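Structure first, commentary second.
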């Protein structure tokens, strides 16, 4: 399944819960304020790097760019556009939006 | 997903992660569950994080001046909605247990809940 | 593939209303079918034709209307959520004794059953909210 997270990890526990639920075979897509989690050198970077060992993590490029995070993205996080978001939804059986 | 004589039956999971009253999501998601019950799908409800507060006993909204909708969870059984899963970890960090819930629920660890979520056809999260 | 979209936030306050639109548009561009876009909670505010954003801002309501016209989208506003928030079509306005309606072109008002049906009929249901 595909998990989406749209909250900043510094303000909500949404990412933490999502990563707890993201099993091998699923994928995580960060959108909206959720993309702040992709930056290098933050308090959640390690959490994200650990998660990357078991699930692929994507971030929505238009949201990353809008927030000026495009040059700080952690290695291993893949950026997708809206078309890529659509592809991820199509590739996975269900979508859980962690709102 | 399975085909019944009446049509398609999908596994619907409602994921509740928000506390009641602070925002409208809990109340309006319960409205979806009630309407959805008429469609004879395979329905379950998951309560995770602050969503567990939706089921907390003792809600009294008289002074607030809004409707207390917590008794409605007790009516879900009449709609054949009986699979209510509450995440163990979410209860624990909030100092709650099954005894504090307004309805009988099944307590499930996050890992088990994650497996369950994985097996669903449609997830509605509010 | 057949998608259904659930929009739970209103325009201009939460990005969810924009993300939902961009996702829907991208899905259509890729040749997918949109079974229905359902507007719930404050999402019903995406369907008022009285929206008048400044000229240099996007018109979120008009954008839905235009995308709807182009692709014959079923844009459904939840009746219960709409009544609470003052979104009405001519029938609803008359039934509730209101002096005006405000539903935008291309949108229709219907019940929550339409959301459940959207979940049953589509291959994927994607929720955008807060």
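Letters A, B and C mark the chains as written, and numbering starts fresh at 1 in each.
The working rule: a contact is a pair of C-beta atoms (placed from the backbone, for glycine too) under 8 Å apart; a residue touches a chain by one contact, two chains touch by 3 or more.
What you are looking at is a predicted structure, and each value in this text was computed from that prediction instead of being measured.
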> Touch graph of the chains shown: is it line, ring, star, complete or other?
Replying inline: complete
> Given the two chain pairs B-C and A-B, which is bridged by the higher number of C-beta pairs in contact?
Replying inline: B-C
>> So the centre of each chain is just the mean of its C-alpha atoms; given that, what is the distance between chain A and chain B in Å?
In response: 26
> Of all the residues in chain B, which ones touch at least 2 other chains?
Replying inline: 25, 122-123, 125-126
>> At least two partner chains per residue is the criterion; list those residues in chain C.
In response: 8, 125, 127, 129-130
> Counting only residues that touch at least 2 other chains, which ones in chain A make the list?
Replying inline: 94-95, 97, 99
>> Going by the contact rule set out above, which residues of chain C touch chain A in the complex?
In response: 1, 3, 8, 15-16, 19, 22-23, 25-27, 29-30, 32, 124-130
> Quick one: in the complex, what on chain C touches chain B?
Replying inline: 6, 8, 40-41, 80-81, 111-113, 115-117, 119-120, 125, 127, 129-130
> Hey, which residues of chain A end up touching chain B in the complex?
Replying inline: 1, 13, 17, 20-23, 25-26, 93-99
> Which residues, counting only chain A, touch chain C once they are in their complex?
Replying inline: 6, 31-33, 60, 62-63, 81-83, 85-87, 89-90, 94-95, 97, 99
>> Show me the residue ranges of chain B that touch chain A in the complex, using the header's touch definition.
In response: 15, 17-18, 25, 48-49, 110, 113-115, 117-118, 120-123, 125-126
